[in-house]
Structures are given as C-alpha cells and as structure tokens.
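What follows is a set of structures for review.
What follows is chain A paired twice: with chain B in the first complex and chain C in the second.
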Partner chain A sequence: MRKYKEFVIEKLILLCGLASIFFVLLIFLFLLKEGISLFSTITLKRFLFGKNWYPISDPAELEILPLILGSFWVTLGAAIISIPIGVGCAIYIAEVAHPKLKEILKTGIELLAAIPSVVLGFIGMVTLVPWVKEVFNLPTGLTALSGSVMLAFMAMPTIVSIAEDALYSIPKTYKEGSLALGATHWQTIYRVLLPAASSGIVAAVMLGVGRVIGETMAVMMITGNAALLPHSILQPVRTLTATIAAEMGEAVVGSEHYFALFAIGIVLFIISFVINVTADTFLHKKK
Partner chain B sequence: MFKKWIVLILLSASILSPSFAKDGNSIQIKGSDTMVNLSQAWAEKFMEKNPNNFIAVTGGGSGTGISSLISGTCDISNSSRDIKEKEVVLAKKRGVNPYEIKVGLDGLAVVVHPSNPVSKLTLQQLADIFTGKISNWKELGGKDQKIVLLSREVNSGTHVYFKEHVLRKGDPNSREEFAPEALMLPSSQALADEVSGNSGAIGYYGMGYISPKQKPISVAKNEKSPYISPKIENVISGKYPISRPLFTYTNGTPTGLVKKFVDFMLSKEGQEIVLKTDFVPIKK
Partner chain C sequence: MMSSRTSEKIAFLFLFLATLLIVVPVGLIIVIIIQKGWPAISWEFVSDIPRQGMRAGGIFPAIVGTIYIVLGSIIFALPIGLLAAIYLSEYAKNNYLNRMIKLAIVNLAGVPSVVYGLFGLAIFVIFFKFGASILSGSLTLAIMILPIIITTSREALESVPYSFREVSYSIGASKWQTIRHIVLPNAIPGILTGTILGLGRAAGETAPILFTVAAFYLPQLPKSLFDQAMALPYHLYVISTQVPNVDEKVRYGTALVLLFLVLFMNLVAIIIRYQFRKKKKW
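Showing the complex of A and B:
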C-alpha cells in the first residue's frame, strides 16, 4: 500500500515537472502556427529588415526593423544603467555591508521587484518624462531614454539578487587565501571574487536584460511609440512588446495584421529564448 | 429590508454570471474611447429610470469594440468610424450581423499649447504637418521650433478618421500616412496632458477633451474659405470641416433590452445627454 502511494506521488510530481515544458511547447507551436501564415504574403527578409510599420493601411506595410531597433535601444540603455549599479549593489551586499544593513537592503530590493510596471510607467510619465525633456532640451520627453531609466529599475532586483547569490557561493577559502597573501579588501573583491563569480554575474545580467525586453506596460506609457528608425537614445521609439499590446485589440482575427503580431511574438520568443539559454550556460559553467 | 437584499443579490449575480447577463437584464457595451463618457452618461440615466437593468460600459477603442461584437463578448459596440468591409465579412462568417445606428456627431479638435502663436490652419497645412512635410512652426508663422506630432494609437477610431479625412482628404486612393515621427499615445487624456506640457506639440481628439490647458486651432477647408473654430454650433451647421458621425453597432436589428436602450439613446432625453457631454446631437 505504501509503495503504491509512493509510486502515485512520484508520477504526479513528474507530471508537474513536465507540465511547464509541455506548456512552453504548446505556446510556441501556437505562435508558430499563427505567425507563419504571414510569410505567404511577405518575405521574412522584408518583415525583419523593412523600415515601414503601417499595419492598418491598405495594403498594410508590416516591416519591423524600427520596432526591433526600438526594443534594442531601450534595452541597451537599461543595461548600461542597471548593470553597474546592480553589480555594485550586489558586491556591497555580499561583501561589505554590515549584516543588519544587509537585511534592510535585501528587503528594499525585493520591494523594488514587487512594484507593478504600470505604476513605474505612471511615475515615469509624470516625473521623469518632463525632466528628460528639460535636461536634454528635446522636443518631447517621451523617448527611449525615459523607458531605459524606468526599466533599469525593473532589471535591477533580478541582477542584484542573482549576482549576490553568485558572490555568496564562492568558497570562503578564496577570500581567506587572498587576504592572507596581503591583498586589501578591494583587491580581493576586484581580482579574486569578481572573476570567481563572473559566470553567475553574467547570468544575472542576462536574466535582467531578458526582463527588460519583455516589459510592456511601462514602455508603452513613456517611450512615445513612434515607429521611426531610431538613431539615438533621445528619440521616441516603439518597442516590439508595446506594438503587440497596443494593436492586438484592433487586429481583425485572421488578418495579415493579426498574423504579423504573432510573428512579432515569435521574434520576441526567440530573443528571450537565446538570452535565457546564454544565461543558463554561464550559470552552469564551472570555473 | 429583505427586498433590498434580494435586489442586491440579483444585481451582483447579473454582474458576475455571464449566463444571467443573457437573460436580458443587462447589457455589455464596448468600444470607442471617444464615446466612453457619453455612453456612461446614457447608461447611468437609463439605469436610474430602469433600476432592474444593468448596463456595463468599457472603452478600448472602436476596433476593440467591433472585434468584441464579432466574437460575441458585447451586446452593443460603440464606434467613432464606419465598420470596415473586412470586419463585416468576418462578422457574417461568425453569424453576426452588424446593424449600424448613428447616435451623434463629433467634431475633431486640433490642439496646440496655449503659448503657441499659431491659431488657424487649413486642411492642407494640417495634412502637411501630420505627414511630416512641414516640420517647423516657423513655416506656419510660429516660433522657430520643431513640431512634435501627437497621434492616437492605431486601435483608435479617431486615428483612422483623421488619417482618412485629413491626411488623405477622403481620397480612397491616397497613400498618405502619418509621419513615422508621430508619437502614438494610448489615450485621448494622455494626448491632452502631453499637449498641455509641450510648447511644440500638436495633436487631435474629440471636442469633449478641450480644456483651457490646450488651444484649439480654427480650421479652414482651403485658403479661401473662412477659418472655423471647433464649437458645437459650427459642427451642427456643418461649417466645421473635421466632424464625424458616431455609431453604435448591434448584432441584427435591436430587440428586447438592447432596443429599449437604443431607443433611449435616440430619444430627446438621450440626445440632450449627447449635448451635455460636448458632442453634437443628430436630431434637433
């Protein structure tokens, strides 16, 4: 009887484990099924590298280069802001901070992660956007930069907590050895601990970037959503995610536009898949 | 007391259970953001008079409303543009028969920041501004400042109407598009906020959103015709060049509660509400 129970529970858990993979597969197949129909009317090359996004015109122009670049600029900006701050914060928490302060900082970062993105977007809209317009003397503050700054706040908790874990899991002997050889605390961090934890830190950064690429609500509110080819971070951009969110309601089911939005979904899926796989390889690479 | 509880329970049941909603006690209205306030005002007045009925109003954009009507998730869809041929075909395929009712008129106001010295434009100038051919206020007699174009998102009936009737001047063969530089804002309110905070901005929305923080532009059909300001009397008289009909779509000719509500919208009282919410009634 006991053995029987054990068997059932074991299989149940196995099922739970497989479920997530099964769901991902289903989602991907659905995306593929809906998105692939687009390429009977437009070539893949034109879809990815064309410059005009006019989805509701007749005939529609469904070319997503401006959207890809929009996502790229916002993500790049967010990475430049969040990586140094995030990694610095992780080092401070793991190595320097007093245990009491450490607890407070960790709680604060968890709280930051819990703020809904629509709230960040709203705060950005009323505080950051006018400020960006003023400081850079721009025609409008709804730019990629505004999006980057707000998204950096969202990427930071991921980066900090994973990088901190990586630093924490370095064997104590490394640090002790370095200090015993006469290195200062900073030299130990910079020359010994950071290289030792580098794979974990890269993984942290990749996962943070993944979070930024997939973010929708905040960017839709503060990046201006203009589908032009951006050549600087101080211009309005339209991201892949915001396009899907803004246009899904309008797209007639079964139309070219509808398929194009699913094709954008595939592009996003592939991007985040690549990022996650990269993060995973780094995470499992043992020094 | 007991009776009150029953009403409350029934009311919450009618909100919570979709099956109950089909019983004809409640209506779901979806669609045009432009018409949300108007629709809400109608619904409130109607429910005041018929306390046993429940009418839920949500926005989302004209396209969203029509999509919902087609997929059967709303009873009435508001739209600030005509239903497209494609949408009719799709609806028929799903056994839905969109029935069009004109319920009011709306003037589209073009607005700029109050400090902007430009106060009148022709339709041609507007088209050139929004397609990007004119990009500095200097060319229109204003300050030497870049024009910031503000538009609604593509799911907005206002966006579609403005493109077809201002940018393309009603010519179905025209290929004019909004300049790619145009910022796409998710709501009329967001657009109003951006205009009131940006001295180089120009945008458009339904007349109802005009406030002292934005300056409406007087528009002329061409250089020879007079410049007309977006006011209700000018829309009624047909002088203001950018006005559009507001529609309501139902599945087939309205029956039951939907008919009762449609009749109310078109009644004298309903049309007074149209005027009160800064739109233009269809019947005098």
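Showing the complex of A and C:
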C-alpha cells in the first residue's frame, strides 16, 4: 500500500515538474488558435509592415507598424535611461557600498520591483506628465518620453539585481589578484570585474528591456495612445501591449479585430521568448 | 593625466549618483502617495461601497475582490509550484529535459502580463466557458505566479544540506518519506517567502485580470466563483483614466491602499527570509 502511494506521489511530482513546459506550449497554442484566422484576410507582411491601424473603420485596417514603432521608441528611451543607471547602481551595491547599506539598498530595489505598474502609471500621470507638458511646451504631456522615463523605473530593478548577482558571483581570486598587482579598486572593477561579468550584465540588460516591452498598464496610462506613426519622442504613441489592453474589451469575439489583437499577442510572445532564451544562454555561458 | 586615486573617486561618485537616481525618485513616489493618500483613508473608505459613480464612498468591494482573486490563484499555484520545485530539486537529473523545464520557467516568467490576459480570455473565459469570473482570473494569475513559486521553493529545498537526506536514507526512510519529513519541514520558511511574493505579485497585476474577471463597477460582493469582481489595481486604473472628475484624494487613497497591501506582503516575505538565513543551523 505504501509503495503504491509513493508511486502515485512520484508520478504527480513528475507531472507538476513538466507543468511549466505544458503551460508555455498551452499559451502559445491558444494565442495561435485565436490569432491565426487573421491571416486568411491579410498577409503577414502587411500585418507587420502596413502603416494603418484603424480597427473600427469599415473595412477594418489592421496593420501594426505604428504599434511596433511605438513600443520600439518607448523601449529605446527606457533602455537609454535605465542601462547606465542600473548597471552603475549594481556596481555600487556589489563593490562600493558598505555591507549594511548594501542590504538596505537591495531591499529597496526589491520593493521597487514590487510596486504595481498601475501605481507607477498613476504617479506618472499626476506628476511626470504635467511636468513634461510644461518643460517641452507641448499640447499634451502624454508622450513616448513620459512612458520611457516611467518604464525605466520598471527595468532598473531587473537590471540591478541580475547585474549585481553577476558581479557577486565572480571568484574572489580575480579581485584579489588584481589588487595585489597594485591596481586601484576602480581599475579592478572596470578592467577585471566588468569584463568577467559581461555576459551576466548583457543578460541583465536584455531581461530589463524585455520587461519594458511587455509592460502594459503604466504605458497605457501615460503614452497618450495615438496609433499613428511616431516622428518624435515628444509625441503620443501607442504600444503593442497597450493596444491589446485598451481594445480587447470592445472587440467582438470572433471578429477580425479580435483575431488581430491575438496576433499582436503572438508577436509579443515571440519577442519575449527570443529575449528570454537569449538572455538565459548568456547567463549560462561561463558555467 | 589624472592620478588613479582621483579617477577612482570620480568614478565612485558617479556610481553613487546612479544609485541616488533610483533611490530618490522611488522614495519620492512613496512619500507623495502616503502624503496625499493618507487624508482619504478612513474606516468608511475601506469598508463602504463606491458611491456617486465611484467619486465618493469607499473601495470595499475592490479590496474584497482582490483578496478573493489572489487567494484563488494561490490555491492553484502553490500545490503545482511546490511539487514542480520538489521535482527539480529532488528528482531531476542533469539532462536535456531538466534544461527544457528551466527554460520554460524562465519563459513563463517573461511572458508579458497582457498576454496572460489574452490567454486567460481564450482558454478559461471562452474555451472552458467559465465566463469573466473569479475562477478565470485566479487561474490566469496562478499560471503567471507559478515561476515565482517554483524558483523560490526550489532554492529553499536545495539549500537543505545533502547530509540531512543521507541520514534519513541510512535509517531506512524512502525517498518520499525523506522529502516529506526531512526536506520539506526545513524548507518551509523559503517556501513561505515564495508564496507571499507570489501573492504580492498577483495582488498588484492589472493586465491579466482586465478581460478575465475585473468588473468596472459592481457595488455588491461576489457570491460565487463564477461572479465577476472588482479589483484594486483595476479600480485605480478606472478612476484615474476612465471616470472624469474623481477627487484626487480618492485616487491617491486607492493607490495608497494598493501600494500598502503589496509592499507589506513583500516586506513580510523579506523579513521571513532574513530571519531564516540568520537562524540557519547549518
């Protein structure tokens, strides 16, 4: 009887172990199932590179280049802000900060990561957006730039914690060797530690950027949601994620619009898949 | 030419500035929300239904809705996540399958939250015909927090020294008995940390519940698993963007309650982890 019970439990454990693979496949399959019908009416090339997103005109035009560019600009802006600050902070925490301060900073970064995106979006709306409008003298502060700044704060915790891990996991002998040769602490950091941790830092940056591309609520609340081809970072844009979140409520199940939103979901899924797999390879490179 | 000491000082100054650029804005965000949200907080605010088109009254249904959804998601995610963690730490061999599972977990953690919303809509709301309901929302969030629970539980299980297991085997215990009576009890604080982190994440997410459970305005409490419910993060979104002329105080108050809920859970998780590391007997 006990043997039988153990057999059942161990099979159950195996099954749950495989659950993650199962769910990843399930997500992809269901996105595909709902999204694939779109391509009976529009070619993949036109869907990705066409310039008009007018989902409720008749006939509907469902081309997502403006949305891809919207996501691209917001993400690029957020990356430019968050990468130097994030990596700098990671080095400070890993190498410079006093151990007590280090603990406090790490806790702070973890709490930043926990702030819900809708709260960051709300704060961005009431503080950053009016400020951007004022400073750049714009008709509206709901711009790609506002989105970039707010999203930079969502990328930073990811970048800091993974880059800090990468720096921390370098064997202590590297550092000791360099210091023993008479290098200063800073010379050791940028000539020895940073190169040694480079693949981990690249992974950190990629995962941070991945988080920005997938971010939805904050971006929907502060980028203005205009599905037009963006010409400047000071214009309202609409991202892939915000389009799904804003329009799925109104799309009729089984309509072309509905299929198109799922097709955007497939695009996002593939982007995040590629980023995560690549970042993971970088993380396991040295081992 | 600058001396290497001077350049080191300048470099460290910049690193410090980078750190300040993260810490100061975050501190400001929290201070602003507390300062402007605090006047809204009253017993009525947390215990009354929203009134006058959500411009007055309280946020009680949203708080209760969030609690239901979050508890629902943990009921699904914890058993699966824990067993998956046991598999990875105790059974998996270092082979191709194991590598695939780890990659799947990383990917699951990286899927954009709104894509979870789409998935939940397609599978739970439409395919299984659960409709927009607490059940659909909980299941969607459960899959989303699975990676957090698996990863933290696995770390907790793996940190139990191998010698503990060897002693247990040597006195004749089977593998499952060893896991059940030796490994799991020693890993409980770590598992608890992961569970609370998962709860916090689920409580704050908006995009996955948009189409699977969240109700725009629902002044009564949900009665069954198949009812829609209001939820705090979605409520904050609604009153800050969809409803005109909401008193700023109400918005900040809602943001404060949500922020407090999420940060409190995270802080509890961090403290448990910290105590656990300090008390470790091995």
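The rule is short, and it goes like this: the second predicted complex is superposed on the first by the 275 of 287 C-alpha atoms of A that agree within 3 Å, B and C clash if a C-alpha of one lies under 4 Å from a C-alpha of the other, contacts with A are read in each partner's own complex, and residues count from 1 in each chain.
As a convention for this text, a residue touches a chain if its C-beta (ideal position, glycine included) is under 8 Å from a C-beta of that chain, and two chains touch if they have at least 3 such contacts.
All of these numbers come straight from a predicted model, not from anything done at the bench.
Look at A:Glu34: by the touch rule set out above, it reaches chain C but stays clear of chain B.
By the touch criterion defined above, A:Ile115 lies against chain C but remains apart from chain B after alignment on the C-alpha atoms of chain A.
In the superposed model, A:Gly249 makes contact with both chain B and chain C. Of the two partner chains, neither chain B nor chain C is touched by A:Leu67. Counting the residues of chain A touched by each of chain B and chain C gives the higher count for C.
In the superposition on chain A, A:Pro139 makes contact with chain B only, while chain C stays out of contact range. When the two complexes are overlaid on their common chain A, residue A:Pro130 makes contact with chain B while staying clear of chain C. Of the two partner chains placed by superposition, only chain C is touched by A:Phe153; chain B is not. Contacts of A:Met221 after superposition: both chain B and chain C are touched.
Common to the chain B and chain C contact sets on chain A are residues 125, 221, 249, 253. Residues of chain A touching chain B in their complex: 52-57, 66, 125, 130, 133, 139-140, 142, 220-221, 224-229, 236, 238, 246-247, 249-255.
By the touch criterion given at the top, residues 4-5, 7-8, 11-12, 14-19, 21-23, 25-26, 29, 32-33, 79-84, 86-88, 90-92, 100-119, 121-123, 126-127, 143, 146-147, 150, 174-176, 200-201, 203-207, 210-211, 233-234, 236-237, 240-241, 248, 251, 255, 258-259, 262-263, 266-267, 270 of chain C touch chain A in their complex. Residues of chain A that touch chain C in their complex: 2, 6, 9-10, 12-21, 23-24, 26-27, 30-31, 33-34, 84-89, 91-93, 96-97, 105, 107-112, 114-123, 125-127, 153, 156, 160, 184-187, 189-190, 207, 210, 213-217, 221, 241, 244-245, 248-249, 253, 261-262, 265, 268-269, 272-273, 275-277, 279-280.
The part of chain B that touches chain A in the complex is made up of residues 60-61, 63-64, 67, 70-71, 84, 86-87, 90, 145-148, 153-155, 160, 175, 177, 179-186, 190, 194, 197-198, 200-201.
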